[in-house]
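Report on one structure; see the data block that follows.
Chain naming follows the written order as A, B, C and D, and within any one chain the residues start at number 1.
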Amino acid sequence: MAGVFFCSDGLKRRAVIVIKVGIVGATGYTGVELLRFLALHPEAELRVVTSRADAGTPVSALFPNLRKYVDLAFSAPSMDSLSACDVVFFATPNGTAMTMTGELLKAGVKVIDLSADFRIKDVKVWEHWYRMTHACPELLDEAVYGLCEINRAAITKARLVANPGCYPTAVQLGFLPLLRAGVIDPGSLIADCKSGVSGAGRKAELGILHCEVSESFKAYAIGGHRHLPEIKQGLDLVSKTPVGLTFMPHLVPMIRGIQASLYARLSDTRVDLQQLFEDSYRHEPFVDVLPAGQSPETRSVRGSNHCQLAVCRPQGGDTVVVFAVEDNLVKGAAGQAVQNMNLMFGVPETTGLDVVAALP
Amino acid sequence: MAGVFFCSDGLKRRAVIVIKVGIVGATGYTGVELLRFLALHPEAELRVVTSRADAGTPVSALFPNLRKYVDLAFSAPSMDSLSACDVVFFATPNGTAMTMTGELLKAGVKVIDLSADFRIKDVKVWEHWYRMTHACPELLDEAVYGLCEINRAAITKARLVANPGCYPTAVQLGFLPLLRAGVIDPGSLIADCKSGVSGAGRKAELGILHCEVSESFKAYAIGGHRHLPEIKQGLDLVSKTPVGLTFMPHLVPMIRGIQASLYARLSDTRVDLQQLFEDSYRHEPFVDVLPAGQSPETRSVRGSNHCQLAVCRPQGGDTVVVFAVEDNLVKGAAGQAVQNMNLMFGVPETTGLDVVAALP
Amino acid sequence: MAGVFFCSDGLKRRAVIVIKVGIVGATGYTGVELLRFLALHPEAELRVVTSRADAGTPVSALFPNLRKYVDLAFSAPSMDSLSACDVVFFATPNGTAMTMTGELLKAGVKVIDLSADFRIKDVKVWEHWYRMTHACPELLDEAVYGLCEINRAAITKARLVANPGCYPTAVQLGFLPLLRAGVIDPGSLIADCKSGVSGAGRKAELGILHCEVSESFKAYAIGGHRHLPEIKQGLDLVSKTPVGLTFMPHLVPMIRGIQASLYARLSDTRVDLQQLFEDSYRHEPFVDVLPAGQSPETRSVRGSNHCQLAVCRPQGGDTVVVFAVEDNLVKGAAGQAVQNMNLMFGVPETTGLDVVAALP
Amino acid sequence: MAGVFFCSDGLKRRAVIVIKVGIVGATGYTGVELLRFLALHPEAELRVVTSRADAGTPVSALFPNLRKYVDLAFSAPSMDSLSACDVVFFATPNGTAMTMTGELLKAGVKVIDLSADFRIKDVKVWEHWYRMTHACPELLDEAVYGLCEINRAAITKARLVANPGCYPTAVQLGFLPLLRAGVIDPGSLIADCKSGVSGAGRKAELGILHCEVSESFKAYAIGGHRHLPEIKQGLDLVSKTPVGLTFMPHLVPMIRGIQASLYARLSDTRVDLQQLFEDSYRHEPFVDVLPAGQSPETRSVRGSNHCQLAVCRPQGGDTVVVFAVEDNLVKGAAGQAVQNMNLMFGVPETTGLDVVAALP
């Protein structure tokens, strides 16, 4: 288990837990983000950083931003080294975490999966969208969906957390107050979402070359994006009737950031939308409702774990529009994963996450 | 009037019209685009290029891309020189064209206004949105709205053309086939539109600095954008009942391009949407419907006068999504203006506009 | 041979040559640029566009910017179809053109190679830098180095043209006036060059992903870039003593454009540098010397075949600095290739190349 | 004076100094960077943030990235509030700090000036380049040039620190090891430097609009940049003979980052350059020499206070090339200013500066 010692923090004394951390598949963009946050996390200690392809290479040779901060080299994934950790993060492509999670849990290691393996409760839906046979459907029930603002209590007790997708985090945080309050027609929701290119990951593909995406804008995955069932699952949980959702992702010529413009028809036009949103997130450290009339920009949360929201009713009509922005690699991935780790290990939720977006 | 001579074009003989052109306010981005197209237009001759602030400066000193192509210097606007032209383009801020157009028309000069002065038929609506008193409301009736694909016949005979806004061009071309066919509910249209930064013009403002817009994405003008009444006016003309439209513009960190994702609820789900769109634009030289399943990218039309469209029905539901892309400075401004000029002077509509987007 | 007919061009009559064109390897960025220029070239006709991997695919499916302009599909390369062309362009990786050129020449087809196979006269130097055995060293003597401004006469008579590299075009055009005039010390030339990412080509590699190059700047190939021997070969031809050259390429987070800042020590500080440069390029259609005090920007020539130069002497010292900008895909590749074709077939040198850079 | 209390830091006990901080002119990019670092600095407390134009506006309204981190509003600058601080940072245009510094020093307040007012020792040189009369030349002698790696001891005792310019930091850190070791000819140094656009500041000017700088590259200030005398002053201090320096700045289409490629002729080609650089900076927390053969990228230090260097000798010739990268707003401005503050107040030099660059 995690090492414990005490230190004084002014007058308060609190057990400092040194959490031994492993990361599987740390050569992608969510992996290097995990490294950025964990390298400076005062209560975490990086023990194992795996990459089959780059085993033996110093982490800082691949990611020179980590020089002076991470001394480890990548190692081939092995149950020996991983099972000596308190928690293992999977920053792997879909289909990997599900093959190792069972054994890690048996070894007493907690697991936070940043891939999609444990996000969908209905294994048939998962297998339909991800075109694989699930390797351990028996763990789907236990897995806690790690949207901290919604599942905080369950996460605190979880052994296995399914870290939400980037789009699902923004879309759910934006729609949930309206659905919970029952003030919109759940039948025709529209989520017009835009993502920076890092959402596509770090892999050698023509479609995400600089010269292919820069100075251009388009919708993509117009036949259906895998985050659709994840979002629908989350919204259905709080909606009286199953939601009808059109989810359309777009690619923005920038590195980081997701912006979602969410449209719904108001069933109750007397509701004070601004008040509803402010009340919903008043106590959240990482969700922030802007004053009325402002529109959130992705740069305001670039590199930070914050999600900024705004709500408006154009021309006073019966359509409500919610705007949500987040950094897809942070609140949409690695930052939320660290937030989950903090909850799972009883350290203050914001530990290691006090990063201010660098502007400009 | 325009000079006329004859030349042989293979076997065909056609009168070549040398159109004497003036441009008022050519130091903005739509102005320099006009210069790019007109400098190489085989039947146009640049005579006067005005700028009060830069009078005396060679055009190519301000715009070195025009070295070897434009030898003129900017001159202060004067009725003397402008009235010697066959056509005058206004590439000015809103509120200028309306003060000079009457006199030019009287002098027998045709006018193509790229600003918003003559786009809205209802002067009260115009004055509400543009916060000015209109200087010549008596010309609003005569002004022809220059969306070539819709008003071709009227443009051919027009003395005064109101060149459409950039967003209105894309949104109308996308929604019109659906409204005309009567297959959507006109009451809840959503136009989620994204524009490159050049749409904001060339002016010294903090909000469009490179460091303010690059690597970020946001909705803007969320309280109401001036293109809303222009779009609504155009859609209402073909809709049985007035449309209900939510129009939300967003700023993309790129120079050129507009992408519109248009959402509507189908009232008739049996319609063959692909066929409907292909039929609607089969004979249009500058509107192009992509094969089913493709999503248009702004870069495919960057620098060119084409608008590319696609249509789909996500998950086979009752929501139809239309995608439209154009270059906001070309089909959304200067290119369409030249297209209008061609129509007004009886030269082939594509003359001077055969430009292929440079990819990448 | 090329088809010939006559048309009247005002009063002049000139034989219009319809040049039948083949392109080998047209799925890269120089390939699609060739297509852009040749599709609108009034005296060229695209006959064959090859790609082994994409055979059967319509060209416009891969490059939607060419919809309505190119109706061909990619075909597998075959000597049958290529030998029916008047000229074949190779837009292939290094090492391909040299395996097919001999046979094409025998079939009476002219060849313009945009790769490096025929650029270096000394086969040992070539084999050292390109790490291959040359397949037809016997053609190296015949091959004409296609820097039009230097070798115009030879190009006019050539069967085989080695189209220059992108950096070598800019660096040679910048240094040559100084070396010819004998006013600099040739022993310590420095070429600090910067290129947009398209210079690296269209291939699935991590290093040129948007997220790897955007918002960053670096020198690359610091151990030695393959354009070094090509530049040195060109400069040595006009220098009294072999040049000592430090060539350092850098990667700019933009798609297109090369800027070179060239430094040399003046051996003669009385020379009128501005005059020297203006005199050197006064009659060149595609090389343009800016007025004293101006600094050329890559965007001024983006998409066009122009090279803009400027020269200065900082603080009046003994160091001369020359600035050169070009579009690496145009004057640095496809545009210059078309310029070479025009020379080889006796059509006016600027035919099909009258493109004004779109600004912004 | 600064408040002092004690806390335990594991076994060590150290006085925690709460430094009361004022910032004059905090609405520019160096200002908001100061706010980012100081908001999370454990031993600093923001007291006064001035802006004449935005007095009364909450800081987080202008800079939404600071929501939840900075509660202050901008106030008009007043000696009353500023003189209650322990240190005042000037993030103002040149010419402001020199009018207030004298009074602040008299009030016992330390001053760190991020503008150029106190960087040049020779007032005539300053007045020539900055085209102003200096308001307090009598302070120039006392002012310590705040390049921490060079002047650490003096900074520790300073009341007034002139924070170096962005280019001068990179160029001096790169050239100094060579000049100190006496292994290069100081007579013909070339500094080809490239900067992101934020170096031009946050002001409404056409030349730094997104559409003017994006997708382009150019040299600028080719007639002479103000950082030239500052660099020369620094290099002359360690060179046996005055240096001859050609300094050429270029604008990169990115927000942050400076890269310098520095060229010199080796007078001693036997020196082990890699060893020389590693030895020079072995103990520096914020200067990092990359392994031989690597080239530093600006993104590796984006948002962080690190400067990364590399050195090479192309083709084993007698030219040495040094590469330096830094974030112009951090090590080139606000980060170095905080580093200076730490030194001046005796807190560990890296306090508040442990930020890892977010990659990608």
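Criterion: contacts are C-beta pairs under 8 Å (C-beta built on N, C-alpha and C of every residue); 3 or more make two chains touch, one makes a residue touch a chain.
Everything numeric here is computed off the predicted structure, so don't read it as measured data.
Counted as hops between touching chains, the shortest connection from chain B to chain C is 1.
Of the pairs listed in A-B, A-D or C-D, the one whose interface repeats that of B-C, with over half of its contact pairs matching by residue number, is A-D.
Between the CA-based centres of chain C and chain D the separation comes to 41 Å, rounded to the whole angstrom.
Centroids of chain A and chain C (each the mean of its C-alpha atoms) stand 46 Å apart. Multi-chain contact residues of chain C, defined as those touching 2 or more other chains: 29, 198, 202, 211-212, 214-215, 253-256, 296-297, 299, 302, 360.
By the touch rule above, chain A contacts chain C in their complex via residues 29, 197-198, 202-206, 208-215, 253-255. Remark: chain C residues 188, 190, 192, 194, 196, 211-212, 214-220, 222-224, 228, 244, 246-248, 250, 252-257, 259, 261, 263, 265, 293, 295-299, 302, 310, 312, 314-315, 317, 319, 321, 323, 325, 360 touch chain D in the complex.
Chain contact summary for the complex, chain D toward chain A: residues 7-8, 10, 29, 32-33, 36, 39-40, 63-69, 198, 202, 215, 255-256, 285, 288, 290, 294, 296-297, 299-304, 306, 308, 354-360.
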